[in-house]
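So that you can tell them apart, the chains are marked A, B, C, D and E in the order they are listed, and the count of residues begins at 1 in each.
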């Protein structure tokens, strides 16, 4: 199968990165790890800003919200301010629901033909696991602030405590790690197994999932199977944050792999489909207010066009109009 | 005519959703008869000053493209990437989750993976990546990029003219990616090298010259409207006026030409005329702006603007206070989302106020154009109409939300309110097929032609099956809608999938129930069927 | 209506940039990494200043080792740990570890606070020095 | 399994390949419960070992108003005093003869019996129902008969309290630490939410000392020893004296013998 | 389908808001309990299980009752239950979720709950109870949801669902049997040490669960646009009547054995329950309410004329539910500890926080139940073919 090649390739790519990281770790990485984090983070930030500015530079010539509920019209008709926002509050609410709750994906259904007719079943798994994956990722990222703040922010400590509420093992298994991997597993399997989704999947689709999975897996391995000296890790992280980078002391191979995957992930993010992180905020069908008829929207490049004027029209049809008894401008 | 050529419904229903063994980039397009529309005639291209007028058909191997066609397209893409944030964004942020896949009526009806909105967009995205992103330039296929070849161009033509721009996919997309936007840009690009379909360009050319799609000249319009007035008198005993091009009228009424020239739209038009007469509205038709529809929407943004300009121009010339629009789908997408931006501001008009009820239509404050169902719902709510719903007792109705009023306006309750007040037997279709999740008739966006009939029947299948369900469950015999294209495309769809169901506009239903001053006792509905 | 909405977009970008650069400007990280104090009388009295296993291993693995000790001592009654170099120790947090590292505040806590670890050992196990106070 | 875990620590400690040792791919928390083969354990040189630990309480020596054993036990084990009977935690306490031995008294029992206040504690049963019902193995029986509480593993479901026919178990309904008069650093306190009980001073046995209550009893009423060793003092006492066990008909095999 | 629960009438929204409010109050006090420990409750060294475990016991019965719909429909093709088996399955789901919550909040160290899985102890009945309860939850969630989804799609349910449904029948028996074994297998607790504990549990379960279902059906008929059908409701009422009869009979049997044998240890508990012991009679009033209500309910249900009257039926069902709640939810668990093995009588008084937390869990369960039934009614209403005119009317105010 042609589409399986992409899966294979992405596995190979991940493996290659892991090996490279291992090699870099052996070959006395310190120098490397003084530049790499800044390079990756710089690419991430600059790339992200660049992409957003690039989108922003293109105007939104027309107001094209996709309306998914009753619009605001006559006062006695109950409108749906969230799915069909009539004002900025509604639009903000709609975006918030989209970003935090994956509102549109919540609508998802599954179509199949049964007994010669299409039926539409509820299909919330993608929504559920998608939300679980993204939410877990957010928690994981926030938790890592413990390596970047000194003293550790109380909120971060609280979040970690909540996340490790179930005392599974020592150190306690973070639930977000488990749910993150579960979400990733669902998304990957879905992509690799469902024929339709596999058909549309590109190399980058698998690679993105596997890269994040690699980050999560190396992180989990470090926490539970190949412990590292957290003091040294934090010293390294704080070194970066204070622009006084120090090489990780006694860094393990897994740590190098973890870092390498993270650097590649954040450096690649702005230039990949993962940029949907920023893009969702800009989507005109979602972030616009449906007030087209009550407030004029301006198109900055409203190019003049050639039209067929009434004069030209009457000139052509004047006789016929007169014959039909229709009024004309010019007798 | 082509109904005979297309397979029987049972045959058509055998849809395989298994994707082909070859990767989509390596699966060439097959111009199978019945699934594509004829190319635009040279005369129509010329009439609209469009490039590369010539005689050709998509099934030809040589499309007689201009020498530098690739450059034209790429330049056009670049220009549009800079002009439309939607286009650039939608090229960039799709994650190919596939949530849109089985939401497209053409995919459900055909099983062709390139009819999944995501893949339809990938057709153009792959070219975007190849020429406009570093990754695509460097890594090619691995980055999902591919060269723009004639085969790719043919694929574009086939699949962008196999999308009705209904926006159903956009409802389900987690990023709101709107395939209609991508299709519109895709069609614009194709138009740059003269690749369009005749069923779009002929109405557009007609509209540009005569003011309406059918190319009807002023006298013809008057005759037809008078004829409808005769019919009204015959059914009701009331003679209604037919004001045309009247200066000094309060309101300009614009409706698709299909409403006064083709059944069953004509009954809807009779409905408008009866309603306006009954409430004593001071309004006028126009022969110059005799078309509400706008096939420019299926051509290019520029063409939208060219064809739409007549409405405001005519309103200004006639000196009306505001504009009332009839039942139409894409007409309302243009009026709601484009008209004011393109051809406004309409500062020569007044903010719309119903002369009958005094209601101020706040939501049309700037555009100054009110949808007739908003107008009528307001009349009913204020008790200005006397309705006898039992006159519609022979009708068991279900209602089809047209894509554009649904997903570009959110016009759901107004038509239902009118329906509910005008008849006693109203049944909704399955909830996944109505309101914002409504299915296309299969023939929108200029695809409602006969040569494309198989694809229309496939694309319309989800809608038709939902109708069939309520036919079986509730004995429904009539399909209501508020769209002129629906009134043209749904009857053959119903004949094919659900024989026995006929199609009507909401104002036909209203007019059946409307008790008019001085009317005789009604024995038939507007169609002459006894009640 | 405004066209580009540059205001909103730039605001959003600024918020984003501020958020992701948080560790850089939060700035409280100038403090040096904690120095774990080994200055207790017990350690001072040791001829060979060596922990149960070597320090690199202990830094990364002490929690796992303590957990293993815990289960073996409580559940299996095996209370003697033979270190890699042959020395033996009682498997006991209070009885072994805290005897040398009697300065919990300056040894355990400093690092635990630094990396945001919150072990629950001391909910039950007692630091002898603290009781004496 | 057990030795491999010790090996892990050794190997891991020695090897520079800290992170690459496949042996540690088994997470510590995924380890099965270890079944201790008989005759193993208590490796400390001075540790006291037995086939089955048991205790006799000589009711002829035990005086009703003496609480030395209780005080010693509770002090050494950091047993808190909450000051209310609801949350009360007790390892040893005294009850009336009728309560301890329901059915063993009669209407005409002499004053001598009625006046007795036998000390009661966990019987460290031979067939302990609390171990049977514990869903996590937090309560388990050692090969030497001691019924142990693993405070690290207890989830606080209190099924063992329902199962114990002797009311020997207490639940930490709240944080005990603030209510401990004087903390003994050599024994852990408990956290709120776990169940605890007499453990036959297994921590003292490991160090070669007798249970605290036995040591504390000035009347020498308590004798502790190996019931499986026919030459032990406890066996001698049981051979020569009449003894009662609490609710022995329940089949639990209590290992506290009351001598009369 | 989940989205259907997000919209509803004013009455629905108020009801949901109330449930959320009570749930939040419960959650607040649960946080207090987490902080302070179980000492916040009325439980003590002697009475170490209280309201929480008692509710758990009672609700296992409610959960098991789904079998009373599934069995007649699937094994005996009793068509009248066809429309409402899903109701029973979803009730079971909500009840099992409440059970699990009640066990969870009763734990002293909830954070360690996973130890049950990490260190499984096959000798522990609680371990088996966890397995049968989670299995039952899964079975009912899957069957209920799949059948509902198929109803919505108007397609026949998939073939594999049948074996799962058959499996749910013995499984339902097992959850209550295993739960009964938690009590019946304890050597020192003579009150529970009886071989008919499991049958007693089942009998009361088959009365209380269907009684609740009847009430739900009556509510849905009046306010929910769903009619389960008179035949189904009457059949359920008969099930309740005979199960209640069996339940009362079993209690009588226990009393005979205890009081005729005159073994003091066994007698004390019943004396405490119905007469009070040594001046302690906390539960006496409750138990007599139980006795009166259950017998009155039995009489009402056994008389066809009374049973067919909707109001009387509702009253009888409330009486059944309340009386069995008293018997299982108060009497059975707490009395096992009174008197204690050492003969001490410690009374048990649930505290305010404890009651609030208990109500919070009930609210969570009813929230789930409401959501399920909202979806159920929507799906049923959508396919049963009521004209949609009135619905539109409601949307436009």
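We adopt the following convention: a residue touches a chain if its C-beta (ideal position, glycine included) is under 8 Å from a C-beta of that chain, and two chains touch if they have at least 3 such contacts.
Predicted, not measured: the structure shown is a model, and the values here were computed from it.
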Quiz item: Both chain B and chain E are touched by which chains?
Solution: A
Quiz item: Looking at CA centres, what chain is most distant from chain A?
Solution: D
Self-check item: A-B or A-E, whichever has more C-beta pairs in contact
Solution: A-B
Quiz item: Most remote chain relative to chain B, going by C-alpha centroids?
Solution: D
Quiz prompt | Centre-most chain, if every chain is reduced to its averaged C-alpha atoms | solution = A
Self-check item: chain A and chain E, separation of their C-alpha mean positions in angstrom
Solution: 44
Quiz item: Which whole number of Å gives the spacing of the CA centres of chain D and chain E?
Solution: 39
Quiz prompt | Euclidean distance of C-alpha centroids - chain B vs chain C, Å | solution = 68
Exercise. Just give me the whole-number Å value for how far the CA centre of chain B lies from that of chain D.
Key: 83
Self-check item: Two or more partner chains touched - positions in chain E
Solution: 112-113, 118, 154, 395-396
Quiz prompt | chain A, residues touching no fewer than two other chains | solution = 56-57, 59-60, 63, 76-78, 107, 120, 167-168, 170, 228, 282, 295-299
Practice problem: Note the residues in chain D that touch 2 or more other chains, in rising order. | Solution: 18, 28-30, 33, 191
Self-check item: Touch list for chain E against partner chain D, complex
Solution: 36-39, 41-46, 48-49, 103, 106-110, 112-113, 115-116, 118-119, 121, 123-127, 130, 182-183, 185-189, 265, 336-337, 340-344, 346
Exercise. Report the residues of chain D in contact with chain E in the complex, numbered from low to high.
Key: 29-30, 33, 85-90, 95, 98-100, 102, 120, 129, 131-138, 153-159, 161-167, 170-175, 191-195, 247, 250-252
Practice problem: Give every residue of chain A touching chain B within the complex, in rising order. | Solution: 1-3, 9, 51, 54-64, 66-74, 76-80, 83-84, 98, 102, 104-105, 107-111, 113, 116-118, 120, 126, 130, 194-205, 271-273, 275-276, 279-280, 282-286, 290-299, 301-303, 305-310, 313-314, 316-317, 320-321, 323-327, 329
Quiz item: Tell me, which parts of chain C touch chain D in their complex?
Solution: 53-54, 56-57, 60-61, 64-65, 67-68, 70-72, 74-84, 90, 94-95, 120, 123-128, 131
Practice problem: Please name which positions on chain C make contact with chain A in the complex. | Solution: 1, 3-6, 9, 12-13, 16-17, 20-24, 26-31, 33-34, 56, 59-61, 63-64, 66-67, 111, 113-118, 120
